[in-house]
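For clarity, chains are labelled A, B, C, D, E and F in written order, and residue numbers in each chain start from 1.
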Amino acid sequence: MEIWDIILKLVHSTGFEHIGPGQVAMMGIGALLIYMGVAKGFEPLLLVCIGFGTLIVNLPMAQEILLGPPEGGEPGGLFWYIGQGVHLEIFPPLIFLGVGAMTDFSPLIANPWTFLLGAAAQFGIFGTFFIAMAVFGFDPQESGSIAIIGGADGPTTIYTCMKLKPELLPTVAVSAYSYMALVPLIQPPIMRLLTTKKERAVVMKGLRPVSRTEKVIFPLLILALVVLFTPEATPLVGMLMLGNLLRETGVTERLSAAAQNEIINSVTIFLATSVGMMMTSERFLQWRTIKIFLLGMLAFSLATAGGVLLGKFMCLVTGGKVNPLIGAAGVSAVPMSARVVHNVGQEENPDNYLLMHAMGPNVAGVIGSAAAAGVLLAVLK
Amino acid sequence: MSEATFSTTFAFLGMAVVFTIILVLTAAMLVTGYMFKTFLLPGTPTGECRYQPSPMSDPPAEHVAVIAAAIAIHRGAARGEISMLAQEDRGPWSVGSMVLQCHGHLNVLRRTR
Amino acid sequence: MEIWDIILKLVHSTGFEHIGPGQVAMMGIGALLIYMGVAKGFEPLLLVCIGFGTLIVNLPMAQEILLGPPEGGEPGGLFWYIGQGVHLEIFPPLIFLGVGAMTDFSPLIANPWTFLLGAAAQFGIFGTFFIAMAVFGFDPQESGSIAIIGGADGPTTIYTCMKLKPELLPTVAVSAYSYMALVPLIQPPIMRLLTTKKERAVVMKGLRPVSRTEKVIFPLLILALVVLFTPEATPLVGMLMLGNLLRETGVTERLSAAAQNEIINSVTIFLATSVGMMMTSERFLQWRTIKIFLLGMLAFSLATAGGVLLGKFMCLVTGGKVNPLIGAAGVSAVPMSARVVHNVGQEENPDNYLLMHAMGPNVAGVIGSAAAAGVLLAVLK
Amino acid sequence: MSEATFSTTFAFLGMAVVFTIILVLTAAMLVTGYMFKTFLLPGTPTGECRYQPSPMSDPPAEHVAVIAAAIAIHRGAARGEISMLAQEDRGPWSVGSMVLQCHGHLNVLRRTR
Amino acid sequence: MEIWDIILKLVHSTGFEHIGPGQVAMMGIGALLIYMGVAKGFEPLLLVCIGFGTLIVNLPMAQEILLGPPEGGEPGGLFWYIGQGVHLEIFPPLIFLGVGAMTDFSPLIANPWTFLLGAAAQFGIFGTFFIAMAVFGFDPQESGSIAIIGGADGPTTIYTCMKLKPELLPTVAVSAYSYMALVPLIQPPIMRLLTTKKERAVVMKGLRPVSRTEKVIFPLLILALVVLFTPEATPLVGMLMLGNLLRETGVTERLSAAAQNEIINSVTIFLATSVGMMMTSERFLQWRTIKIFLLGMLAFSLATAGGVLLGKFMCLVTGGKVNPLIGAAGVSAVPMSARVVHNVGQEENPDNYLLMHAMGPNVAGVIGSAAAAGVLLAVLK
Amino acid sequence: MSEATFSTTFAFLGMAVVFTIILVLTAAMLVTGYMFKTFLLPGTPTGECRYQPSPMSDPPAEHVAVIAAAIAIHRGAARGEISMLAQEDRGPWSVGSMVLQCHGHLNVLRRTR
């Protein structure tokens, strides 16, 4: 090797000749996602990692080094291995294991009727599917992947999109998490538009206490029924309910703590960074990205509207015992949208505490979206 | 079948299926709940002061919740139930049932960590 | 696609046409295991997860969705991947890493003679092997897999059974964990039958304090000797002793905590749920299951008897300085059977504190069973 | 060789091997223990009050153990040693050596978590 | 099977016929490493696990059982699987994720000039490369693997050595961790030799406070620039900076805690034990091992000298505002060498608090070594 | 090219490249730091008592740091800054900025766990 060879090798090994405008733009988007997470507090656990992944993967040559597959005895890139958790659909159910262990379903058990509000909000999914396909001309798999944004549930969205149309994943995931963070801006106008002042002021009766036995039976019963109808949702609902079972037995505290902390936190880092590393300019800097963001916004709006409208119907039927606002919590985005309901309710009556009542549809929305995902997968996969 | 027909049909059918599933779930839970209330738990103890501030929980947030609850009860506005949710990141939360001086029934959403 | 196609696809995607009586029975068994764990407190960390796995895998179509291998580019089911930890025999040694970090061997170090009681209790393994093969007609590998139940150690049982006869695993594991939970019912009658009132009342001398240096040397010394005699036991004993070393050095607290908490808890969830998912009707609803449960009961009884009889002999030789009851703790089932010994001892003399003395044979039983497993594997594999 | 012969033989031999191994382990430990007591640790400090209730441990369980120990010592029954094990799930336990007011030597099994 | 067959099988299954003098010597080395970790407190988290791995893998037959690859349907050994984390270069970046989450870069941000001291200390790497190749006759890949010891950074060393010359890994890793632990003995004489009493007594001005925004921008900015120049360093610097970003955002505490605890602790156990298991007599009991240890010592000395000499130059240029001792902290070995600087400084002036000033070059040395690793990989791989 | 030439060349060039990279990093940070001080953070609050002993931290170590700081300030030796690092294992450490009775600015390296 001559001296010049070494110098040339050193020069060529730098990344300067590999920077393009697309990459710079994507790095800006990565920085923007981090900014949204850090400065605005928008879903920081996810957006900071996604943004970091976007930023690093668009640095020159980083994509080959981080994501290159193993070849001829040489090991693959670090995130080629870590990313298998996304590609093999292992991470989203593991996140749900932790979510289940963190979720208290008692408001829903105490008032099962609110379950229906969690179903109504799935109009966000199916309405968006219709518009994505019939109006925007996406194909059925693309439409399903975009529609699931309306589920307002990260793991469900990622799981479904990976099965239907993996190349849309980064766009769909970023859109889903962004709108989940924007729930306090998106929902209130729709809620106010669709309800009267009197409806918003309805005070609801206190919830009955729920026994431990009921809390233990709940995950098993729901799991059995959901899987019976939509077997495709098994991994998602199964892990959600395993986590919840570990939480509620009262004798598996160690395991519940593991699901709530070490498992979900580690997986979140790896999942979100992997998703961020799929954000390349070829995938993201496209017209369809704008369409997907528009449709995602629509999905959240339709979901809110669906929930509130069924809430109004329930208010009517019960003679004003149900505050229609709680329907908006059916979109899930737990517990953010329940908080939004609470705050909008207190604008009319500061002594009205809707939070607990909104938690019912809120957690029901998680189950409803998983069922909807099962339906999408059954027909479109 | 055209794209428009397919998407309309599937949107309707999908929504119908999800509604059916959730209706079944609701029915199942109403039945279970009824059974529990009627046969299995005839005399659930009520009215006892179950609330104990956890030493692991964030003291000020807890405190704020209790004070807010006390004020609300004092005002007579909330008929036995008051709810709070700390403005924390979403995800780890839990429902703690708290009874304040046996005057009412309070639900508190607390951060689990 | 016609409308009817969509409807048919939706109908066929449900699980109703896939339910059979075997599956319903197995779901009942899953629910029973959860009930035993939650309501009776029987080994809840294991039985709740095993029961959940049994329940979910017998829901219609769940088996294909959760356990299906990867095929033609499509990823496999979630538990096809997680289950590799069982199939590749990775999880049981990792559990032992945590068990080692949780185990204090000082009662055994202070009184090394109690080590022999942990050997005598291995009669539960070899006696059962004889009966399983000679009386019940199981083949050698099956007999070994069933005999290891007498080791009363989850990870050892699972590791050995996976190597000898994987298809027996779910039955053997459930049997082992059930009897471990039933130790307080199984052991006392045998203990009372084999000992006199006077023997049971023997008060033992206080244990000497053990220095940190001895505690650090212990795992290394035992490891070297056990591996020298039974190399097949290396992964089990190795991880047990690595965990114990991390615990006792006093300078590796971080790693010991990781082994005791995040590693063992996460692995327990995945291991136990994976084992539960092997509980299908074809495997479990067989006559041999009843035989295995009978033999498991026998194994625990023989192990108890072996330990107590050697205890009687040691009592005789030492002129009454050893309480024979502590032999029963040699079965392991740490620390349950040591507690049983303590309680039975206190029936005769309420001021007799046998617990610490019983911890010696108790932890010795763990090492003894691992050695026995090494012997089984050396000859039968 | 018939099944009965094989199983008998293997059962005997296996048991013998396990006993041999454990005998070697016992011997090794007796030797080490003897060396430690004789040469390496001639004057181990004894009698000092080493027990300090850990702030991380479950206070009531700890408390119960100490009280039970105190009663037992008072009764004069246990000659210097008292042992307790909380009725907790198996698995995480540890031996804590505790000396109560220097009157005796107590071993306590505590939950580590 | 005859009785004699069983007996023979049992006898042959023991390890007695497989012990050689090399193995016994290696087990002694393993015990020595554990002793250094436990009794002397030398990098205990690493050396205890490495020593344990060395000890166990040299027990008879343990190597085949623990490290054997899968064959004909039979699963491989436990550490064949766990060791993939080392072979596929997954573990070192994960350790860096935790290190990043534990590292506070604010002393460096407050005084960027100290960054240069972290570059000067890389003379330990390149000077050693020259001597290893020109004087000791190692080939370029070997020389690079040995030179990186001078980086005084475990993960960087392991990552680089695995890419250049995997068979040197155990020797290089043990050498690196040993000298990191010996920093309080190696550095002070060199520091005293190269500085005057007056220079060592220099008191430095207080550091300015650093805002959160700067702390958040820092990891992103450094990452982008380092990757631009040395893309090969991406996995190391990327994970370091991801961990640091999670630490500094203030909104991702959960993830930062996961990186600092569960992830780094679990990976440390698996990484260090796997590295220890590479310590076989064929690899370690060689003349080159002694050469590598000599060169490792040299590397640390050159690194210290490089840092201190640039420190002297900066002292001169600033008219005595920089204490040259802080240059010694540029070797990294965080935060050990910064503490050494502090202590040597206090020998001259007990009221001189150099620690914070030394933390700047200290953390800069981590980045500098990662960049140097990138250069080595770019040319030598 | 001989081994000696190659190794000399590469050692020089490698060192030069690393220095260049770090120079760029230093420059970048000086620019950012200047921007922050000049434009973005014109009036950073100073002088307020920001120090609060964390309940999670090791109390005695904390205590020692504070006392040592107080002594040093009293002596007038350290002009506003004092630093401490507990003699703990390497790895988990953090810089805590602590202002003691508003008399000076203290930096403390604490164990994070």
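Operating definition for what follows: contacts are C-beta pairs under 8 Å (C-beta built on N, C-alpha and C of every residue); 3 or more make two chains touch, one makes a residue touch a chain.
Worth saying up front: this structure is predicted, and the values here are computed from it rather than measured.
Seen from the Cα centre of chain B, the chain whose own Cα centre is farthest off is E.
For the pair chain A and chain E, the fraction of shared interface numbers is less than half, so the two copies use mostly different residues to meet. Averaging C-alpha coordinates per chain places the centre of chain C 21 Å away from that of chain D.
Between the Cα centres of chain C and chain E there is a gap of 39 Å. In chain A, 6, 10, 41, 44-45, 229-230, 251, 254, 261-262, 375, 379 are the positions where the chain touches two or more neighbouring chains simultaneously. Across the assembly, chain F contributes 6, 10, 17, 89, 113 as residues in contact with two or more other chains.
The residues of chain C lying in touch with chain D in their complex are 41, 43-45, 99, 102, 104, 106-109, 112-113, 115-116, 118-120, 122-123, 125-127, 129-130, 132-134, 137, 140, 143, 203, 205-209, 211, 213-214, 217-218, 221-222, 225-226, 229-230, 260-261, 333-336, 338-339, 342, 351, 353-356, 359, 364, 367-368, 371-372, 375-376, 379.
Residues 87-90, 93, 97, 216, 220, 223-224, 227-232, 234-235, 238-239, 242, 245-246, 249-252, 254-255, 257-259, 262-263, 374-375, 378-379 of chain C are the ones touching chain E in the complex.
By the touch criterion stated above, chain F contacts chain A in their complex at residues 1, 5-6, 9-10, 13, 17. Against chain E, in their complex, chain A makes its touches with residues 6, 9-10, 13-16, 19, 27, 31, 34, 37-38, 41, 44-45, 48-49, 52, 55-56, 59-62, 65-66, 70, 75-78, 81-82, 261-262, 265-266, 268-269, 273. Across the interface of their complex, chain D is touched by residues 1-3, 6-7, 10 of chain E.
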